[in-house]
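Two complexes are shown next, each including chain A; its partner changes from chain B in the first to chain C in the second.
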Partner chain A sequence: MRRWLAPLLLLGSCAQGPDRTEIHLQRFFGDCSAEYGRSLDIGGAEGECGIVTTLLNRFRAENPDIELKINIVAWPGYAQLAAQMAANEPPDLVTMHQGLITDYQTRGLLQPLDGVLAQAGLQPADFTAAGQRGVVKDGRVYGLPWDTVGGLFHVNTRLFEQAGLMEGGRPVLPRSADELLAHARRFKAATGKPYLVQSSVNDPATHTRNLYTYLLAQEAVIFPDARHVRLRTPEAKRVLELFRTLEREGLTTTNQDNPAAIASFLGGEGGVFPTGTWMIGPFDAEAKTPGRPLYGAYAVFPYPRLFGREASFVDGHSWVMPRRERTPEQEAAIARLLRFMAERNFDWSRTGHLPAVQAVVDDPRFRALPHRADIAPLASNGRLLPPYVQRQGAIEGLIGEEVASAVAGTKSVDRALADAERRVNELLASTL
Partner chain B sequence: MNRDRMPPLALVLTLVGAAAMVAPLVWTVLLSLKSNAELLQDTGAAFRGPYTLENYGAILKGDMVFRWLLNSLIVSLGTTAGVLALSSLAGFAFARLDFPFRRTLFVFVLLGLAIPEQAVILPQHRLFAWLGLHNSYPGLILPGLVGSFGVFFMTQYFRGLPRDLDEAAALDGASTFQIFARVLLPLTVPAQATLGVFTFLGSWNAYWWPLISATTSDRFTLTVGLASAQANYAQTNGLGYLMAQAVFASLPILIVYVLFQRQIVNAIGGAVK
Partner chain C sequence: MRTARWQGLAYVAPFLILYAALLIFPLLMGMGLSFYRADLFGAKVWTGLGNYGRLLSDPVFLHALRNTFKLVLLIVPTLTALTLALAVALNRRTRGAAVLRGVFFSSSVLSVTIVTLIWRFVLTPDAGLFAEVAQALGREPLPWLSHPDLTIPALALTTIWWSIGLPMMLFLAGLQQIPSDMYEAAALDRSSRWTTFRRITLPQLRRTLLLVVMLQTAAQLQLFGQAQLLTAGGPSGASRPVVLFIFEVAFVRWELGYALAAAEILFTLVLLATLAQYWAARPREDAR
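Right, the complex of A and B next:
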């Protein structure tokens, strides 16, 4: 089989012309070739898919000596990546969540990018603190951080006004757990609606994000080492009891999945929707559409500081380079692409995600984008889990399930935390 | 009592059951005919107009969708043809021929029914990588040919055919292969149709193996390709498009069901008996 494959591949490479360097990029974010397949208008593109598609179109147009092959995979694409790695056929660049880099880096499946980034004229100091934390492992850089993704408090300011929770045209957010409950009770009394709109069904990521964020705010050690999680703690109990109280007193929507929660928030059915950076665009568009319940009534901020210090659990997208043999020309082409992507980090930030390049965070153009100045602190306050924590995706699912049970009242808080700790520890024991 | 007439209670229960099964399909179709922006505000908008075909237009405008459709057709038809040929031959052999370890081998075939695909996925993936067959049609078709169900199904069917037929043909001088090909095989057409329909449907809907074997978009099957085209949070921002994808991917299956509904009903009826 391989005997006849080699000449065929050789013939194929001859057909591309001798001067073009071929590199393979693999990404998620969907396929919108119908709308943006040939577009070079980056500024006119909308959404993750539109922006990344036009960015790569532009790179191809500006770099005719590079044959950029793009493979779009089903979200999140890690099953395919693992299969490609097992078959020794990984792509040259891949989108990867920063929380998952450790899974691959510890197995020697990723190539450190220090040299390639230096070739691209980039260094870790160019990235935000959250971006650096996301891609630097054991002192080496394993990815080009592209953004910071985290939870935010999306606020319906009209309902806040009705509840007397506006001051100087800005929403008054709570500064402690007790104040959150007080605000929520006041909000409900004034508006008849729940303070929080929550995606609480089939959404373990939201529950886990809430717990991690407020554990980090209390400076709790969630993972004391690579093999253990610590959840049977007063800090964790405090967080879950807060969300349980909100649920029990009807201060939050219940039994809603993500689409239902979005529809509720858009319909003005609650005051605050804790969800991610990626919803800024759609909510802002609603806020600018006359006649909509959210028209002229939208603001967004990082999770308020309820305990200890300012902190938010974040993740981020990055570009990583799987380990495989490459020619110096291919590495140079990859370096050029990474530089291009870093230089266009502002364009990517229009998705709602925070930029990972510090210069973009400081750029007046970025701060002039709707709401971005309000959420910019996330780039410095954002915290990831320690770099030695593997299987973060699976862990998120396990913890999220248990937290959901505790918040819904189908399990006691103590039992849910104990079960979450046991299940995560079992997973880590079987992994490491 | 007229045997063709269904008792009223049974009729009501059947109608309720049918409605319960059809409702999600109708809901899916209605969602697919609404704009994503409208569904973002209220998914209940699916039950009122105006309706649009924009989501289907977006699918058809995709660069690769017809390629994925072609890939799915090639893989499903190739798998179906291969399964029918191999299962018929193996079924005939197990039912009619006497050869060493026949019973033992048949037990192995039956054991295959109990082994889930996931249990062998790693060695299978490595084997295909070693052979250089990933991202190829053979790589997508070959694993589907070795299913135990087809062999078991055809063996049982061949066993049900009268042995007198073989003996009469042998007296007329037919060889073993001629008995298989000219005498018994034509009698298995109902079973072939049933097996063919189920194999085609299974292959068309397959996701797991195509996901990890066909990792370049020009080799995606329709199921994997449509999944790759979904933007993140498609269930919230692009619900109409997501549902249109589901309907689009189901259409060929629907056509197969309509064309072969008698065989499918017979097969399921036989299984229940």
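Right, the complex of A and C next:
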């Protein structure tokens, strides 16, 4: 029966009728149509791309009166969105990082969602505190929060065992910068491999996340006001010098972009891969596949406390509605889609991201997912940048580029921090 | 007479209208906006020459400008010499030459996405073709896409491979215009191959050569896709050309006025390069 159900539902979704309401959705998370293009089995989908593709397939199948047109953009797609908005041709719903909502909201480019969410039977109190902080601006809701994302230490426990860095079956993570270096040297001596696997090429987000996380841990004020960043500080220097030392001493992989770093970690070429929540699903799947280098050897934790207090820089994904003319029918269709997505927030949380719907956080099914107890502190330690900081995406690119120079040694740490501060301040000063 | 003139104008009017609407008007609008601090969404504040002054003291823009010149200097002479040599070698009526002409031209039909994908497989230091060869020879693979000294040569290599087709075809067309009796006379005089090439082929190809150099200089000053997709301008701006700078400033940083000022500087450079090459060619043309 199930064999026939999927094609029938798809067929139903393809039926053209005069009363179909058309809405345009634009998303990132990649294109995996070859694998999931026809899939309706949400529970069987894996990874961000697989799950979001299957969710949208299912929505189409269950709502034949709505013609959902989907445009998949290359990560992160904001240049394309900005061009669409400038041309007054934005889509109806877009995936957006919560840190970027202010940029669009302050320019009147986003439509408040209070009414649409009410129509969908949702209210801000349904979302987690982090989710609410991410989407509520000036007292109005500008997005459906979908998750909280942050950086994690993904650990190869087999290599940690070899390096004598396991205790009671759990990896021993460093508790200071000096201890991190000591562990990394010991790890390399024991395994011959670098302690860290890092995506350091064309990945400004990783460099910026590392810097923000360890600045927040030191209680540093990164953005004293809306027009200034403060990076020429002993706290920032301390963080960059640590990563520079790791690179100089060969304690990290080098010259790897994100796909290469992922391949390295999967191949057992290093001990710790500091990357995001979104890799829990794929890494856990590898850890359950016999014969793979990561088989039975995977654990994951929030970034360890190397300085000051425990803290993590976090952000989140959300669905926002660009401002444009719409019929009441289109708004109703969007409300149905948002309700559908919120109701399936548990399925999305299987990616590794923390849910944005409070009921899912409290759901025993979520807590039973692998590694969720280990990463739970991310929910309480996670911190966003202050809401008055605009242009967070562009700033991430500028800071990431300069941090990469310092870590690679093409610029001194002082010079890189000064350049990053100057470039960000120029950007903020020119913001209209 | 007057009617004929109006008829002529009517023939070219559709093109002129489209050309003005799609090229001249945006060009003038861009020039105007370059004097404003403007964002993508219509907000703007008059700043006069402020954007230009800021650009000339912006180390990132100046770095991008240097990168662009390096790319032009690496690509244009190499590409011109290589395609001229290929055209001379393949300018014969054999099946093998025809096949090879097709093979060398084939890369030109690929989109920049495919080209960069192919070259990523070649250049990536983990499992790329160059890395495999280096390891087979017992050497460390070179980080072509992440070392500040190697990214520009990597972009140049990719661009040369991609761009070989059109200049080669232009040279082949030029070679086929050279009267065969000139070569016959040279053969009677027992002229060597090199002398024939230097005294007959090269002077006869002078206009084609100029065209190729001019087209390639203008094209490489606007190099963008390869840099964006292969290196994203990195590491730390080491391979960021001016057009990528303009793209980032306009669409990532939303500083439209500033990006347009950079675009105007690039436009001036392309114009100057083109005019300089015309000027360099003119005296000899007049002398003939």
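Heads up, the rule we're going with is that the second predicted complex is superposed on the first by the 385 of 432 C-alpha atoms of A that agree within 3 Å, B and C clash if a C-alpha of one lies under 4 Å from a C-alpha of the other, contacts with A are read in each partner's own complex, and residues count from 1 in each chain.
The rule we apply is simple: contacts are C-beta pairs under 8 Å (C-beta built on N, C-alpha and C of every residue); 3 or more make two chains touch, one makes a residue touch a chain.
All values derive from a computational prediction rather than experimental measurement.
S.K.: Go through the superposed model and pick first if A:332 touches only chain B, second if only chain C, both, or neither.
M.R.: It touches nothing on chain B or chain C.
S.K.: After lining up the shared chain so the two structures overlap, which partner does A:282 touch, if you call chain B first and chain C second: first, second, both or neither?
M.R.: So A:282 only meets chain B here.
S.K.: Report for A:34: first if it touches chain B alone, second if chain C alone, otherwise both or neither.
M.R.: In the superposition, A:34 touches chain B alone.
S.K.: Once the shared chain is lined up, is A:83 touching chain B (first), chain C (second), both, or neither of them?
M.R.: Once the two structures are laid over each other on A, A:83 reaches both partners.
S.K.: Check the residue A:256 against both partner chains and state whether it touches chain B (first), chain C (second), both, or neither.
M.R.: Second partner only, chain C.
S.K.: Does the superposition put A:418 against chain B (first), chain C (second), both, or neither?
M.R.: Touch partners of A:418: none, neither chain B nor chain C.
S.K.: Looking at the overlay, does A:177 come into contact with chain B only (first), chain C only (second), both, or neither?
M.R.: Neither: A:177 stays clear of chain B and chain C.
S.K.: Does chain B (first) or chain C (second) touch A:369, or do both, or does neither?
M.R.: Touch status of A:369: no partner.
S.K.: Which parts of chain A are in contact with chain B and also with chain C?
M.R.: 79, 82-83, 86, 260, 263
S.K.: Which residues of chain B touch chain A in their complex?
M.R.: Residues 40-43, 57-59, 61-64, 122, 125-126, 128-129, 131-134, 211-213, 215-217, 224, 227-237, 239.
S.K.: Once bound in the complex, which stretches of chain C touch chain A?
M.R.: Against chain A, chain C makes touches at 37-41, 43-45, 54, 59-60, 124-126, 143, 145-148, 231-232, 234-238, 247-248, 251-255, 258.
S.K.: Using the touch rule from the top, collect the residues of chain A that touch chain B in their complex.
M.R.: 1-2, 5, 28-35, 37, 47-49, 71-75, 79-80, 82-84, 86-89, 258-260, 262-263, 266-267, 278, 282, 286, 292
S.K.: Quick check: in the complex, which residue numbers of chain A touch chain C?
M.R.: Per the touch definition, chain A meets chain C at residues 78-79, 82-83, 85-86, 107, 109, 200-202, 254-257, 260, 263-264, 391, 393-394, 397, 401-402, 404-405, 408, 410-411, 419, 423, 426-427, 430-432.
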